[in-house]
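As written, the chain order gives the labels A, B, C and D, with residue 1 at the start of each chain.
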Amino acid sequence: MFTYHTTVQLHQTDAAGILFFGRFFFLAHDAYQAFVESHGLGFAKVLNEGEFLLPIVHAEADFKAPLQVGDKVAVKLRTESVGDSSFVLAYDLVKLDGSSAGTVKTVHVWVDRKTFAKQPLPDWVRRALTANQVK
Amino acid sequence: MFTYHTTVQLHQTDAAGILFFGRFFFLAHDAYQAFVESHGLGFAKVLNEGEFLLPIVHAEADFKAPLQVGDKVAVKLRTESVGDSSFVLAYDLVKLDGSSAGTVKTVHVWVDRKTFAKQPLPDWVRRALTANQVK
Amino acid sequence: MFTYHTTVQLHQTDAAGILFFGRFFFLAHDAYQAFVESHGLGFAKVLNEGEFLLPIVHAEADFKAPLQVGDKVAVKLRTESVGDSSFVLAYDLVKLDGSSAGTVKTVHVWVDRKTFAKQPLPDWVRRALTANQVK
Amino acid sequence: MFTYHTTVQLHQTDAAGILFFGRFFFLAHDAYQAFVESHGLGFAKVLNEGEFLLPIVHAEADFKAPLQVGDKVAVKLRTESVGDSSFVLAYDLVKLDGSSAGTVKTVHVWVDRKTFAKQPLPDWVRRALTANQVK
């Protein structure tokens, strides 16, 4: 499991006084970006030079408790499953008191940058993802 | 069905050159806000004075095609189902050529503002939602 | 003068119940994007194929009145000045009652995409900007 | 001087491949929020219970260099000046190599929550701001 720490910023909340539901996906993706970078893979380099793309084809979230401006959140990211050319990541947004504010899932597909055809996951990617399956 | 028209803004795209996946939920919610306002119910008034809240407890999306800056999008919003104290809205983000860039679902629960206890949907809400079930 | 109409969305407000100050610049840029598109120039095409870039080198805003979710805003965009290789745009964010919620200015520079060297504004750009100087 | 560390997230960039200019103000405000919290003052508490508000009445930025996804940024925040009921904060967004990507200024006014009338800055606020004037 990979943990990303963040704080809810004022501009991430809305007039209901809480984190806008759509931003749960942003916090999850921030954790994903940090996870990718922790493997020495920068998004900027991938986007500019990579031979592959990793579009998200599905995302979902369950919202359990509101998050307010200033709340500290630990986004706990683990690999839920790994397929031939895709994988599923699961995120739990945990508050300081240990309770969950919500969970997110994202499904990613490995495709050729030019043809958009599905490609088998490279071994090093599979290894990194599998190593992150432990809870 | 209720249709909301929008244009993808530069700041809604990311360095991959396309609408950031999390923003599909924002466009869907913009359509929801317009739908609510079309029934004479302003969000500001509800948030400041309402006796109820309508938190979103689940959201999901399938992403089918990229959206670029400047793309015109028709967000087609219809009621998928209406329960005792909750309802499900389904959104299709349709491009100018009639193809779908993706679909979104949101599940909303009607709760008391102070106790957060589920409340039965008022009749006028049920009527408005049911009238929007037709495809 | 070019006018762009928009509505304040829930996710553009913050927990203070009003449009987050930084988003005034987003609404101004949305008007700018619409102005550019009104001249048949799509941002996606420019970003992918253009030989020039138009970075914003300075921006400023004065905030006069709060904007709430649902508020209708007319962003009135006019050219304040046109230089050899740069120009200044001025925006007034006007509420339904005709009062101003705030003003924005952005300074844009025309540069070569590869060298980032300043370039003289093309005549057609100068003409379009000059035509928009009238209040 | 107060320093806030952050990383540019994918959703903060746009299709030009760089941090959207308007988001410089967001990063500055994130530093401001962290500065305020470092004095034991939570935004949520202030917004819900405070007798005052601190609207930003002016903001401006100079953009010097692009920021890409993954870039580490140190936002250096210092007090530029303190008036009777207002103050000016200056921010420098510094890259890992020590160069500046841009600077931001925000002007804040201390007002009564109900009447919106300007109020003299409380002494403890003046002290905290003055202590942060050193470069």
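The definition used in the following text is that contacts are C-beta pairs under 8 Å (C-beta built on N, C-alpha and C of every residue); 3 or more make two chains touch, one makes a residue touch a chain.
What you see is a predicted model; the values in this text were computed from it and never measured.
Most remote from chain C, judged by the distance between CA-atom centroids, is A. Of all residue numbers used where chain B meets chain C, over half belong to both copies. The two sides are thus made of the same residues. Rounded to a whole number, the gap between the C-alpha centres of chain A and chain B is 23 angstrom.
For the pair chain A and chain D, the distance between mean C-alpha positions equals 28 Å.
Multi-chain contact residues of chain D (touching two or more other chains): 10-11, 15-17, 20, 22-23, 26, 29, 43-44, 47, 68-69.
Across the complex, chain B is touched by residues 10-11, 13-18, 20, 22-23, 68-69 of chain D.
On the chain A side of its complex with chain B, the touching residues are 15-16, 20-23, 25-26, 29, 43-44, 47, 53, 55-63, 66, 106. For chain C in complex with chain B, the residues that touch the partner chain are 7, 9-11, 17, 26, 29-30, 33-34, 37, 42-44, 47-48, 68-71.
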